[in-house]
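In this document, chain identifiers A, B and C correspond to the written order of the chains, with residue numbering beginning at 1 in each.
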């Protein structure tokens, strides 16, 4: 019986690959959006103006304090009530953007905070504006502190893409879920799904470990 | 935006939400407790000198860290029946959470142990303490201070992870939101209330974590 | 050039600057000394608005430093500030450190800025270290690069906040020599320091501060040999017995 199902699995392997491709698409696009947004939010989070800082703080608290699956439901089911009707794929990206940017915001803010006050004062004293100080002096130094946890966060975000399967995005997880309905070999199906996730995550984990060691110098 | 918000319906469904919240707590507590046990055992194997113990555990940890929790949940949910093991969903969910958090906890504990200064080890060695004595009196007490904050962080993650169990029909907070949505077609009232409850739990846990961090910093003065 | 009018500052309950009235004329070299906590660092840091003040006014070159409408960039273009901890940018070479402000604030084109930077480096005696990173330089060398960085903007005023206090003794001389050279060029200088030899040599005036107040001022020779107040005399004897 197992070998019969194994044969069928091999047959529909291309289906798994298409799911993997969708996961990569969602993941890659989300990472870019989240990183850009996250850096902007992180810089606001460390600014001296209280109101923007608090607003970003509230946003981050929401994204970190609620489960991602609940956030996806909000984007997919509640946004239409407020006027924004989204297909599953865009909705997935929006939800990932909200969640991912919040986490990256904290990593960036923490990196910026780690730079000594003296660097701010020295650059301010020569007449540089706040934005110039951030761009030329602070953020370049903060990158050393930011990059290792950032790559670690990328791994987490790629794994989180699995949750978008619940609104119908045909990613690797949903492929497994759909397949197991017709090929009732849960172990094999999801072992294969897990293996494919492993193939894309593990190199990133190794990269993150390597960067952590390298940046610690 | 919130002008059509129907608070009456929310009050009507409050019992359901509270039931869900109750189950979220129970699941989280049980899973956390079991995950701590798994984590401690796994960590002990991870740092042991026996390759037979170390390598399988390393594989277990890396697999957990490289695959999504949802996939791990589905793996058990759809896979256990094929082995002839019939388990209620809630227990399947707890097992999945136990193994998932267990791996992360093992790494947290390992990092804590590694963070203790080498000089401490050398001092212990020089006074003739054996491995278990060094562990018990020198390493573990100091590792505790470094370990507790990330452990509390993992606890917070675990509470949020319980939400995924709603996808295998386990009764908890998110599922109450799904139930209310399917019965009343009011996703806003349902999921925003659910989100609100999670945030309350989050803030309580975070406050506790920050508070205990302050107490630990005090203890570490040397 | 620099004028303090009834300046007051509090850190919570602590009165760190207590009714400061002061005039520094163009080209003057002013040395400020006093026990720690006397407010001397705060005084000098308030000149380029690194520290805000609660009461009074500071006027630099006709600009009121702490008025909200004042163009901070323009103000800081004319003031160079040297920190006790140098605060060189670790991710840039000495040359890049010096060029950063001229290129980005004064909008000087890069080739011209580089020429200016190399001039300033030579001025402080470190031409060969142009491509060195701060981590490769000794403390004395870093502070000299910091001075070159301050000079690159051709400021009219240079402020020094205990420039040699973080240096090992054998490196203090090289930094003081550069500062002595600057003093003879006519730049207005305010220096917070304990280096009394330097003060005697180049200062036009010495200011003694304690508990936020200016206790005594005078010409260096007068001040050190003949202090008017007990507190000043006490302080001088303490540092001379080093």
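Assume a residue touches a chain if its C-beta (ideal position, glycine included) is under 8 Å from a C-beta of that chain, and two chains touch if they have at least 3 such contacts.
Being a predicted model, the structure only gives us computed values, none of them experimental.
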item	value
More contacts between chains, A-C or A-B	A-B
Identity of the most central chain, Cα criterion	A
Distance between the centres, which are taken as Cα means, of chain C and chain B, whole angstrom	54
Distance between chain centroids, defined by C-alpha means - chain A, chain B (Å)	20
Interchain centroid distance [CA atoms averaged], chain A/chain C, Å	47
Chain A partner contacts - residues on chain B that touch it in the complex	1, 62-63, 65-72, 74-75, 77-83, 160-164, 166-167, 174, 177-178, 181, 187-188, 191-192, 194-195, 198-199, 201-203, 206
Residues of chain A defined as touching chain C within the complex	116, 118-119, 121-129, 132, 136-137, 140-141
Contact footprint of chain B on chain A as seen in their complex	61-62, 64-71, 73-74, 77-78, 81-82, 155, 159-163, 165-166, 173, 176-177, 180, 184-187, 189-191, 193-194, 197-198, 201-202, 205
Chain A partner contacts - residues on chain C that touch it in the complex	48, 50, 72-77, 79-81, 83, 85, 87-91, 100-101, 104-105, 146, 149-150, 153
